[in-house]
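Before I ask anything, here is the structure I am working with.
Lettered A, B, C and D in written order, each chain numbered from 1.
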Amino acid sequence: MKNQVRICMVGAGRVGKNHSRAISRHIPAGKIVALVDPAEAIRQETALEFNIEKQFTTLEQALESCEFEAVVITTPTPTHLPLASLAAANKKHVFLEKPMALNLDECDAIISSAEKYRVLLQIGFMRRFDPEFVEAAQRIEAGEIGQPMMIKSNTHGPGLPPPWARDLRTSNGMLAEVNSHDWDTVRWLMGSDLERVYTEVANFKGPSNNVDTPNFYDNVLVNIKFQSGGLGLISGVCPCGYGYDARTEIIGEKGIMQIGTLEGQAVVVCTDRDHGLVRPIVRTWPQRFAWAYIYELEHFIQCVQTETPPRAGGLDGRWAVAGVLAGTKSFLEQRPVYLKEITG
Amino acid sequence: MKNQVRICMVGAGRVGKNHSRAISRHIPAGKIVALVDPAEAIRQETALEFNIEKQFTTLEQALESCEFEAVVITTPTPTHLPLASLAAANKKHVFLEKPMALNLDECDAIISSAEKYRVLLQIGFMRRFDPEFVEAAQRIEAGEIGQPMMIKSNTHGPGLPPPWARDLRTSNGMLAEVNSHDWDTVRWLMGSDLERVYTEVANFKGPSNNVDTPNFYDNVLVNIKFQSGGLGLISGVCPCGYGYDARTEIIGEKGIMQIGTLEGQAVVVCTDRDHGLVRPIVRTWPQRFAWAYIYELEHFIQCVQTETPPRAGGLDGRWAVAGVLAGTKSFLEQRPVYLKEITG
Amino acid sequence: MKNQVRICMVGAGRVGKNHSRAISRHIPAGKIVALVDPAEAIRQETALEFNIEKQFTTLEQALESCEFEAVVITTPTPTHLPLASLAAANKKHVFLEKPMALNLDECDAIISSAEKYRVLLQIGFMRRFDPEFVEAAQRIEAGEIGQPMMIKSNTHGPGLPPPWARDLRTSNGMLAEVNSHDWDTVRWLMGSDLERVYTEVANFKGPSNNVDTPNFYDNVLVNIKFQSGGLGLISGVCPCGYGYDARTEIIGEKGIMQIGTLEGQAVVVCTDRDHGLVRPIVRTWPQRFAWAYIYELEHFIQCVQTETPPRAGGLDGRWAVAGVLAGTKSFLEQRPVYLKEITG
Amino acid sequence: MKNQVRICMVGAGRVGKNHSRAISRHIPAGKIVALVDPAEAIRQETALEFNIEKQFTTLEQALESCEFEAVVITTPTPTHLPLASLAAANKKHVFLEKPMALNLDECDAIISSAEKYRVLLQIGFMRRFDPEFVEAAQRIEAGEIGQPMMIKSNTHGPGLPPPWARDLRTSNGMLAEVNSHDWDTVRWLMGSDLERVYTEVANFKGPSNNVDTPNFYDNVLVNIKFQSGGLGLISGVCPCGYGYDARTEIIGEKGIMQIGTLEGQAVVVCTDRDHGLVRPIVRTWPQRFAWAYIYELEHFIQCVQTETPPRAGGLDGRWAVAGVLAGTKSFLEQRPVYLKEITG
């Protein structure tokens, strides 16, 4: 058996817990040896739950006093560049959550850093490892539905994002924090880069949630033209209240393919014929993508063991950020925006 | 265009209304010229709703003072033999609701009468005209799932049957009044007559519904061995409360086929992720089999116009009654019963 | 019973046949007394199939030699204004297929004509009479999903439209001929008029279908901003090959509602576990909207009998045409277009 | 953290591999330290795949030269008693696959042995740990569907069982080897022991599979009367060819509940409207019950760590065996058989 990969988990919040669970319970090839988070309470809680031996308030401290081969970075987007660069400079392989960074300069700096220090870089696009999306991608690639003509991908989530994640000044808002996966999914499944985008947004629940951030929106529709000539749609609603809704539909010259469903557990009940059949909905992203998270981290760890470049790398992360920036510019300027305006 | 077939509707209750609606609104080839029912209130209500010109308290009166080619008999089972015989003796073609009769002697008398007076006889097995069941039957016949090995057919209905229909002394109870269609369906789709049956019954809601009829049951499971060697199940629950549930599943040597679904209208809603997705259930038999009722009556009327023997004839009705009698004998005697014990 | 409404059917093609079937077989309150079509073969075929007594090559001829209360106009869009005006001027009530006309001037002329001669005008938006859409609209109106925030409506059809219907110079192309219903649906269910639209189109199958019409497209995505602040999407693919696909999804402040499904008959088969479960898809629009066509025509006929203004009237038709024109202008000029640019 | 539980896996075949995968990849609290199987090739393959250090041809050898706290027994049914007794006598906790044993005497001996040596005993009824079945059981227990009246449970599997498992002389045939889970499921969810059963069997594919074992059957339907008065059905088809089909439906006084579905991955495709929508079916039991296997073994290991009696214990295994024996006796004697005839 290959050597167990030692990992420093950076960030002890929701995603940090999710990834710690995946590694500590389902990936024997990896071991979390250190947990970094400045917030003591959540750090101790997470360390206890997943039996992580060492805790630090900064990555620097962890690097000084602990040995590991890789970091998994799950902190807010503005911290991605400094953390990823620091890890790379210390020869640690990097698994970096989406969105990769706030802008293309940061993306480029992360990519350069990984190349310079010859460390692996994987972005947290777990859909690329979800069994359903993988199956779909393989069948599209094999030509089953013919040349892709149109794709629709939505991510609607139940809860209001934290303040930094819904403010265009500190993140790129919902298009980045909620819809990052869609930007990657549509490019991946269409087999084409994006040409231009047009975005409409709406703010329905901001007032009742006491959100007065400038340009806040909780509904978004992005119309996409691909370089291949194909069309695309990204839809975001957050908070949507009704569940976690991530579905993709793609129409090719030969037919249609639908990926994902709202339907959760197959336990269907009817006790009132005027009310109807009731079936659980998919409630959360950890529920919907449980295996995808395990598989993406398992892939990263295997890549570290075998020194193989991972799927879902820096360029994929960069393209998603470019989409976010073009999509945001579009609704701010109320016009279609070409990706080349962003990528130069 | 062929001559419009004039019809005397016998019975103005739920089924009489259902069939009157089908003919008067959806089958221009037929016209209800008379309505027979001894109960004045319901008769006048039905006549008014479907614009039926003449009303009578007995079929005899209708025969005396009105011209028509056919009768549609929707009255309780014990009246089937006298009404069908009278109609036949007067050269009227007969559409007769299920169950055909109370016993095989009555079935034989009805069949003989129709033959003697050369009138057509169709039994109200509307599933044989339901587009889904018809499609299924054709595909089974074409060999799509191979030799049928096992079939399961259920009819669960929302409401408590009327007293006469749940009393073994005046009808044959639920196996006859609710599950008649299943007896016909399993024989039709398996392509085989029945060899023996074993029945278990249960009475859960009788006491709370103040039903103290001897041998009353509201749940039934019949285990069937076919002459072909295949196996079958008929399941009945009435009242079941949750909707109208008529589904059939058949497994052949090559695969499985499912016919029907609990799902009603495609209007799916989720407003609470803890409650889940809600979809209407099929609520009633007129909803589930709307087209089937139209098509079976249209078929009958076309057969009258063209003097062609209808599908779902007297022998099919007789086999269903034989099944009912064997199934009932089985639970009364707590042993498997051969159909030949009934049919001689 | 009210007097039977006598109808002159104008147009004997696909829609003419569909509506003739609905009326002659399922709506006893109406009677088609004349059929108008210049094409003799199809006219005779349709007249024979539905037993229509009189045939004419023009509406003028029918008006001269036949008595009727109403016309049902199913001819190509460019003929709508002259035919509807002629009928109105002769005091005939008008049921007019969608799209109402080629531009707003024509719409206004039709509306004026109907008002001037005091005849009823109904546009063929049958979704407003489809049981599922009606149920959905009532529940939205009742507040079940809260204030509507986002709607997505698609119509994808199997076959290539005829040359006139795919050429912007003779019709308004797919947005008008295929997606007319979506324009009406989104406005109806959102409870708001449209503010602006942005359209992307693609042409994938034109070359292989030998279509060299300027500006031809077979894929379209329209991004909509409503006056209410809500967002919308209209999607069109034609020919899509895989079936007839008309689904709508609407997200309100309280939850999600899905209307319609790809799933056709409930006959599910699996004979190969490597292939999977196979279920019929909805194949055609007459299949999907069978009851909707019956109910919309029944409504029209009842309105004629009772001299009541029909639902789905001229203003609804005009708004849909305005959407088509704005959507078309958008992709031709590659910019978002405000509805007020069209409506003035 | 509690001490890791050391496990000796007995049996390296399909189930042995499945359980080895669950423990070694998904249950850090357990470690397989030894693998026992007399068949060298499969033993070495399994040991290599799951990195099991020590291998033995017999449990005796493993007990002599290796330390562990528990055994997981996955060998054919006739070996269950000697292996479980030997393990217990050596103070090893026992996880024992279903069916528990060939007859009630063997069951009693296993239970006595576990009690005498104070070791834990869990039977491999993984459905009791499947998230869907657990959710269903809790909701039934909470009264959601009222008093259970009727249950139907089926297990249909794709492949022909091995010779020993389809021969009544060496196992109890399909009712035991395929339908063991159903016997446990119906008793669990109905909340009642069984009163009597009636069984019909059929042999359709034996001849073409060259099976000439006496009393061989590949289709079975068992009609059950519970002590509670409720009714039940167990259905088995093996080989069924079309997939792995394990569904349960339960009807209570207040409503219906359906557990499980044929539908596999949510990747739905249509490329031919005459063929229809295609969706993957559940293909295998490891696919259907992936989490259930993990959870049942995790439960066992936690019970060992905490010395707590496991759910799904010896008495549950014994009741399932009693059902198998009654069901088998019924079809051999062609009569209903009371459980008390078996249990004494």
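As a working rule, contacts are C-beta pairs under 8 Å (C-beta built on N, C-alpha and C of every residue); 3 or more make two chains touch, one makes a residue touch a chain.
Just so it is clear, the structure is predicted and the values come from calculations on it, not from any experiment.
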Chain pair with the higher count of C-beta pairs in contact (B-D, A-D): B-D
Chain at maximum distance from subunit A, centres defined as averaged CA atoms: B
Inter-chain centre distance, subunit A versus subunit B - centres from mean C-alpha coordinates, in Å: 56
Rounded Å distance, subunit B centre to subunit D centre (Cα mean): 41
Where subunit C touches two or more other chains, by residue: 241-243, 254-256, 258, 262-263, 268, 270-272, 280
Of subunit C, residues touching subunit B in the complex: 1, 24-28, 51, 131-132, 135-136, 139, 144-146, 254-261, 263, 265-272, 280
Subunit A - residues contacting subunit C, complex: 147, 149-150, 152, 156, 198-205, 219-225, 229-233, 235, 237, 240-243, 245, 251, 253-256, 258, 262, 334-336
Of subunit A, residues touching subunit B in the complex: 158, 241-243, 262-264, 268, 270-281, 283
